[in-house]
């Protein structure tokens, strides 16, 4: 058997095995009269390894034998294979986040006062793990509760240059009286991934949101909150 | 991203997935700003397929997407990797499976009518446990017997893209005493070679067979086997 | 009908050639048709080899190279019944379907024998029609089963190619939130808290609130920060004003202390002492 053939067979075996295979195990898969020498097999494996160079896979030796694996460089694409569809955040979490954004710095107790219900530790933990919220200081009252504020990551996620771009309370009041269709527009904004086909409608809607969300005077070029 | 890079990523993904991956699933693994066009991805897959030519592996399309598999030419070496021999299926099971594949949706009673013997419960159970067959509805007749159809897994397992890739059913012939002239006529028409449609005596049955096994749109739109 | 061929043909299924006629269970086997002889220990195997009466009939027809469309009913019936009787003699349990088929064959045979007027013959169904239809129908699926068995099969003929993919942990994606959802949540909570009438939030622009957070983060309780350092000139006048307002607001809320050693000396700020209790948290990361 020539080396090209051996290489072919070795590749097929290693890809089918889905586990590391030792040199001896490889050789044992050949019939007695066709079995290559160890040196031949090793040369074939080396040739295979060289052939993989520049591809997305590589031949490696691990404790239990030879294995073909995906290169680290391919991880960004490959790891998404096992991504789980995200759940949705609870109403309580969104309200908490909104209060922190609008009323920062704000303590957990103050959030609870406004919401009228206690704020679970897991919500605060989730918001901080997501890096949207962080402790910015402590209130000088008994117990010195932590005060929370939003982060730069929060602004980035929502594509805000600064918190100014959030609608003010007055504007929100107008919004709620303006009526259904506007709210529909707002909630229709196609965000991220799945809607490349909506490209045409997106800019317009975005412009609309910015109009409503920006306080007229705060919308200067030198908007102060762009730095952090 | 150039085609070489796409090819590399596609190969890594398909090998890491260890299951068929559709074109859409492949594209979804790319970040939004780097996502290639469908046509680009398809071209990369075609290039990959061509590259595998003459090697021990091949890129095939099955019902659930693209799959890289070890060719049957490598079977002598690869099959020795596992001590357990691949399962052999009884004629009874294969005939039952064939009837479900070609005649779906079909009830157990209808299978028994064709085979002339009762179908054992264990066969139906095995077929469903292997996820080749599932209940797709119930016949509107007394007793509401379950109707069976094949699954995507069935197609994947037998390396089929869709039901219309099943081997063509033998055609029914008419009784010679009645149909001699007819047969002569038919043998003059070359293009009907494969079509079972040239049997006048049983138009309904043949129509059904054509729907299931031959017409591509029927197999895609209506056939339960393409659903999941 | 080809009656006289039958004796020449032997069934070529399981091991029929092995034993001599005479020794089977000590019985004389002269009465059995010679072409049907099967060793008794093979009978069960023989029966298993058929998927039912249709399969057995097909075998009998194919064995003699007969056209399925022109079955010699009398001869086939005779052979079929011989098999059935043989099996019954051996006390093998026979599926009821085999007996039903025997009855059907007998009925067809009798109908074939009935004289029919020539005029009617064209129209009237051949008595064998239904049997022929069923045989053909069964045969095509018998063939289809063999074809399916020939298809390349995963794990038998072809094999999934797989490369190691590192740690295959399921990545849980964080949920997506859209800005309108966040705003709606705020509207709800404010409405619920009956705070719509209040001006509290409106009074300070949001940028001041935000700046309060960032100023708090930059100052420490343990040492003073130069007041000037809180300002970033590149932000322009608006930025300076916002920072100044933020410092004033923080001071009003007793969250920071402002000190000046003497007139025109640099102003310093530090976090209120309360923050010292947990300085590492207060200063953030």
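We just call them A, B and C in the order they show up, numbering each chain from 1.
We adopt the following convention: contacts are C-beta pairs under 8 Å (C-beta built on N, C-alpha and C of every residue); 3 or more make two chains touch, one makes a residue touch a chain.
Just so it is clear, the structure is predicted and the values come from calculations on it, not from any experiment.
Under the stated contact rule, the graph of chain-to-chain touches is complete, every pair of chains being in contact. Comparing mean CA positions across the assembly, the chain most remote from chain A is B. Centre-to-centre spacing of chain A and chain B amounts to 37 Å, using the average Cα coordinate of each chain.
Each chain gets one centre point, the mean of its Cα atoms, and the points for chain B and chain C are 14 Å apart. For the pair chain A and chain C, the distance between mean C-alpha positions equals 28 Å.
Under the contact definition stated at the top, the residues of chain A that touch 2 or more other chains are 12, 15-16, 18, 57, 68, 70, 78, 80-81, 192.
Residue numbers of chain C whose C-beta contacts span two or more other chains: 159-165. Contact residues of chain A toward chain B in the complex are 8-9, 11-13, 15-18, 21, 28-31, 54-57, 68, 70-71, 74, 76-78, 80-81, 192-193, 196. Remark: chain C residues 159-166, 168-193, 195-196, 201-202, 205-207, 209-214, 216-217, 232, 234-243, 253-255, 271-275, 277-278, 281-282, 284-285 touch chain A in the complex. Residues 51-55, 67-70, 95, 97, 101, 126, 128-129, 132-134, 136-165 of chain C touch chain B in their complex.
Put simply, chain A touches chain C in their complex at residues 12, 15-16, 18, 57, 67-70, 72, 75, 78-89, 91, 94-95, 97-99, 101-105, 114-116, 130, 134-141, 144, 146-147, 149-150, 157-160, 162-164, 166-170, 172-173, 175-176, 183, 186-187, 189, 191-192, 209, 213, 215, 218, 220, 222-228. Residue ranges on chain B touching chain C, taken from their complex, read 12, 14-16, 18-19, 57, 67-72, 74-75, 78-79, 86, 89, 91-92, 94-95, 97-99, 101-102, 114-118, 156-160, 166-167, 169-178, 202.
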